[in-house]
Amino acid sequence: MDKAKLKAKLPLILLLAFIIFTIIFPLIVKDRFLLSILIEAGVMCLFALGFAAVFRSGQFSLGQAAFLAVGGYAGALLASKAGLPFWLSLLGGGLSSAIVAFLLGIVILRMGGLYFSIATLALGEIAIIIAKNWDSVTSGMTGIAVDAPIVKIGELTINFATTKLPYYYIIVLLVIMAALMFWRIDRSRLGTVVRSVAVAPVMSEHAGIHLMKYRVIMFTLAAFVTGVAGAFYVYYLSWVGPPLFSGAQSTVALIMCVIGGLWSAVSGPIIGAIIVSYFGTMMQIHLEGLRPLVFGVLVIVLIWFMPNGLVELQYRFPAWVKSLFKKKGKVPDAPA
Amino acid sequence: MKRKFIYIALVVVLVLSIITSCAAPAAKAPAPPKILKIGSIMPFSGPASMWGESIKPVMEIYRDLINADGGWQVGDDKYIIELYFADGPIFSVQADAAAARTLIYDKQVSAIVSYFGVGYSAVAPICNAEKVVFNTSTISMGAYSASREPYSIFGFPAIEMSINQAMAVMQAFPQYKTLCWTATKGGNVDIEKIYAPVDEEIQKKYGVRSIRLYYPEGTTNFTPYLIKMAEMGAEVLFSFGTPLEIGLMARQRYQLGYKWPVAANGAILDTKIVKGLAGSEEAMQNICGDFCYPWLLKKVQIAPRYLDMANRIREAYKQKYEGKEPYAGAFGVGVTMMGQYLEGVRMAGSTDPDQVMKVLRGGTVETFLGKYTLSGNETYGSPVVFGFPCAMSIIKGNESVYLNEEPLWDVDHPLVNVTDLIKE
Amino acid sequence: MPPAIFIDSLVLSSMYILMASGLVLVFSIMGILNFAHGQFYMLGAYAIFYLFQQAGINFFISLALSAAIVGFVGILIERYIMRPIGQPIQAVVVTIALISVFEGLITLIAGPAPHSVTSAFPGNVDIFGVSLSSERLATVVIAVILIIALYLFIQRTRLGLALRAAAQQPVAAGLFGIQVARVSTLVMGIGCGLAALAGGIMAPMFYVDPWIGGQPLVMALLAIVIGGMGSLGGAVVGGIVLGMIGSMLAYYIGFWSQLISFGIVIVILLFRPQGLFGQSEK
Amino acid sequence: MPLLKLDHVKKAFGSLLALDDIELSVNKGEVLGIVGPNGSGKTTLLNVISGYYHSSGGEVLYKGRKISGMRPDQIARMGIIRTFQQNIVYWDTVTLENVYRTCYLTAKTNYWQSFFNTPAWVKENKELWAKASEIVQLFGLGDFSFSLAQGLPHGKQRSLGMAMALAADPDVLLLDEPLAGMDAYEMEIVLANIKKIIERGVTIILVEHNIKTVLSLCPRIIVLNFGHKIADGSGQEVLKRQDVIEAYLGVE
């Protein structure tokens, strides 16, 4: 086989290897704490993917956590009040979040740039105030408890309360599905159009692109994914309440996207989300009071050296390795 | 060149941190014969970290003193106690849950005590799934259900206590008849749900009228709310806010020319901070708050071994921290909630969580604060009233004066003159 | 309406205006939203705590010193962190990271416990038979003087002219010999100094802890959106509107005023997507 | 029936009347030059036609249909494409893709086909790229196909702007000062390109400051001054008129 072909296939092979690795990983490493971090990282992956999708349509949303909340509450209500099964509640969470996003989007996406950001910030706060005070639906601060699903497949009964492994596989599946969707969008005509809208709105509009349509599409899609993530997260924690969805999470999503690399639609947010949630939790456990300082400094340092995010490493790392070997050859030459 | 070194350093740091974090659970010390592991989720980062930082050392001293005595007697065995702390900044559910998981999965604790964050409902399922006793405060509300959570107990009756405290304050100031409960709406405590039902009872029993006013979260400027309260006829404020909010409320009330008492809920009232926030000697008059040194009170009966231990803890603390007195609230939440679990283990004669819970549910245990009776009810929380001292301190002049609790529901003893209560 | 409420709304307004004008200045020149603006407020409050409370320096001198120190910190950050990074989104993330850096650093230095600052203007004064806190009155007076001074600086001085030019036409300003990079460094300093002043005058009235910056930032963000991004007048109007809501409306409708202050932003943006005083894009 | 008709179009900014009662009709295949001193409302006129501004009064008719009040993208999809005075390009990508993106306007397959990469889309996509590449070559940008559009020299960016407009297969092309800020060499290329477009039979409205260029390209010229149309006719006719000369001399 020729080298060029192999090289072209390399990313695909690496991706497949990575997916297989994620699938067998919990079977080899039986660390339940790590598993729980990975599950939360998965939720954050979906969240960051949604955030990146909105961002890449040229809008900077500071209230994405509100869609996590809408999805979470919808999922919890569908599960506990309507008694829907797990899968349908996830879907319901995503759909209701998407509907809310669509209705809000056609109104607030008219605002440009920073006005939109701050409007979403305000909406996020309003969502939390509503969640806290709409007792008849959200039960205020008490929140809604969600029973862990019990799935029966033939003879096999999986009780989600006793084992967290199913959650891991479900979130991996969800992340792969969302990643595939956003990857396809990014590579297809829709993605190109959305990028055009983001980088040169006036130009795009005069080239026949209806700005609002594409902004709303991306906002709604992102909200759908975020809503599914919210519903899943609520199932995983088996409870939903207002403190879950603080506005600060939206800025965390931004940090994740930038650390991973904003100019890649899929790999950047996913890498960023995994890195930030893993090290964030590790710092919380090991550093305690020092955590904010170390976290902040690390973020700044990372951005300083890799302003385009960790995805940049795929170009930088091979070049770096090469330069290391080159230098070694050069050193004896230098004195001469 | 320079950049390269920084990259190398960065990669090394990343790799090292991955290794250490993965290796941490694996590298366990060889276990000595009998060990009882207790975990505690406390805020060590974020705005509440001062409470975690001041409670932690007191709990550690208590652990050290028990271990110095050869361990905790359970049946025929003596257990060495190991105490693990995890950071749970009280406003982050995710962080609380992560803290609970690391305590349970990595440290393999058999109980989590003294937790008071907002993530109760996220932590409880983790504990209950792993049969870890979870001792929390009734203030960390959530969707509690006795059937789903057989291993949750509410060892710190913050809510029950606050009703008693409010009544104590009303009786310390008999000239006032209107009590204004105030809190952030949708904050930690839903005062509407919990206290509205007792309004009538309070009115009947003490002739005290209750009114309510809420303010938004994060409020530092209480002026509009205080003026509104005054118009509603408030004479005593009972706040569920943080000490910061109490102090600011007291100060702004004084600036507006109101002299009402401002009372605070909870064991987290550090008088020094409140005094500072109130701004001046006059402004801080009539601030009432919890004070968890019940041995200072005449009325409270504390088991001798606990009184003894309390004094030893205070001694050790003073030695360790240059003569400073340990933070009073640490006896209220930290050490007492740890003690309740230890009492449960002693009484059950085993560390088996089922046995411990059998003893604790509806059982009566001795603590640093006196005798506790935990409810066996399937209802929310644990109305602990018998013997719970609920000491209030009221700032008068330069010193604080203490008065005893006056339980609302069960024991009906008359209020003792405030000045008689301080032991000489 | 009780007169105390009126003074109270002025106090809140002046805090929001000082915060918002700093934020607007930085935004209009550098094109980025400084999310760590609230932390400069916090730094200013701590500076007052150390200078005025601990060292016993005169209140006004320590106010000036705190503005200078925090402004210098802002300049350092602009010069050595933001400018090398360059790209706006990355710079925004840096400001978000700076929030935890400052909070963590101050926690490390001063501890997590809150501190209080003695009032520089204790007691009450009687005006037309109404007893008002002299501390609050003084705060309002200082804030008004500061806002007027800022206005004069921007409208009447050469430097102010350079600022306005750089804000409106960075490229053209560059051609006319205004060093935009230097101006943005300066503006970062002024913006951070303003935040520090706001923190400084509010510190004796409220309290000082490492987390006090969050609320003022959110209010300043709302204020600049209500007023219209990029205009100081807008920041003033936005600050006054929010101050009124935070105090007067709070007096009439209680805690729902918070919902109103978020809601009003959305309502205003729906009818005027560029804020009350913002320039329309078209 | 004229292709494009402006009927008493007014545009006011506050109290300033940028366009006052403009009457204009353009026939299919016509090349119309709009000249006038600075601030006379030339660009405003283009903005009103292309939908960037809503007219304050009167209406714009295209093929007998009222288009004033429509969104720019609707107008663009009807076949009226404009270029910009400033250099606006998609800065995130290369020259070729800039043109390719505008080709989308003519694509027949829908987004779903693109999402699932159906054979129809693959086939059309190839055609679109070929078309883009052809237009890029036409405008002499072939050497820059794969360099970032943002980094192109000024003249090339202007050519790119026109290439992008042409890629949308316009019926009416509105050119807003295509020659502004160019050196003589670049100007020559752009002029050649405009001539190429004219040869394709596209209706063109050219706004230009440089009256010589307009004369060389446009058989018909209108002159604007302070928002009024003061002349309409062939180049020779227009230049003879006293008010036109005054308008020009008065400013320059």
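First chain written, first letter: the chains are A, B, C and D, and each begins at residue 1.
Throughout what follows, a contact is a pair of C-beta atoms (placed from the backbone, for glycine too) under 8 Å apart; a residue touches a chain by one contact, two chains touch by 3 or more.
It should be emphasised that the depicted structure is a prediction, and the values quoted were computed from it without experimental measurement.
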item: Each chain counted as touching chain A and chain B at once; value: C
item: Label of the chain whose CA centroid is most distant from the centroid of chain D; value: B
item: Result of counting contacting C-beta pairs for A-C and B-C, higher pair; value: A-C
item: Chain centre separation (chain B, chain D; CA means) in Å; value: 72
item: Rounded Å distance between chain B and chain C, as computed from the means of their C-alpha atoms; value: 36
item: Intercentroid distance (Cα basis), chain C paired with chain A, Å; value: 33
item: Rounded Å distance between chain C and chain D, as computed from the means of their C-alpha atoms; value: 45
item: Per-residue multi-chain contacts in chain B, two or more chains; value: 45-46, 49, 53, 185
item: Sequence positions of chain D contacting 2 or more other chains; value: 52
item: Multi-chain contact residues (two or more partners), chain C; value: 107, 112, 258
item: For the chain B and chain A complex, residues of the former touching the latter; value: 3-4, 6-7, 10, 17, 20-22, 24-25, 44-46, 49, 53, 85-87, 91-95, 97-99, 101-102, 105-106, 118-119, 121-122, 125, 129, 141-143, 145, 148, 185-188, 190, 193
item: Chain B partner contacts - residues on chain A that touch it in the complex; value: 31-34, 36-37, 40, 129, 132-133, 139-145, 147-148, 161-162, 237-239, 241-244, 246, 279, 281-282, 284-286, 288-292, 301, 305, 320
item: Residues of chain A touching chain C in the complex; value: 107-108, 110-112, 114-115, 117-119, 121-123, 125-126, 129, 251, 254-255, 258-259, 262, 289-297, 299-300, 303-304, 307
item: Residue ranges of chain B touching chain C (in the complex, touch as defined); value: 45-47, 49-50, 53, 184-185, 213-218, 220-221, 223-225, 227-228, 244, 247-248, 255-257, 273, 276-277, 279-280
item: Chain A contact footprint on chain D (complex, rising order); value: 50-52, 71-74, 76-77, 81-82, 84, 88-93, 97, 101-102, 104-105, 107, 111, 114-117, 121, 164, 168
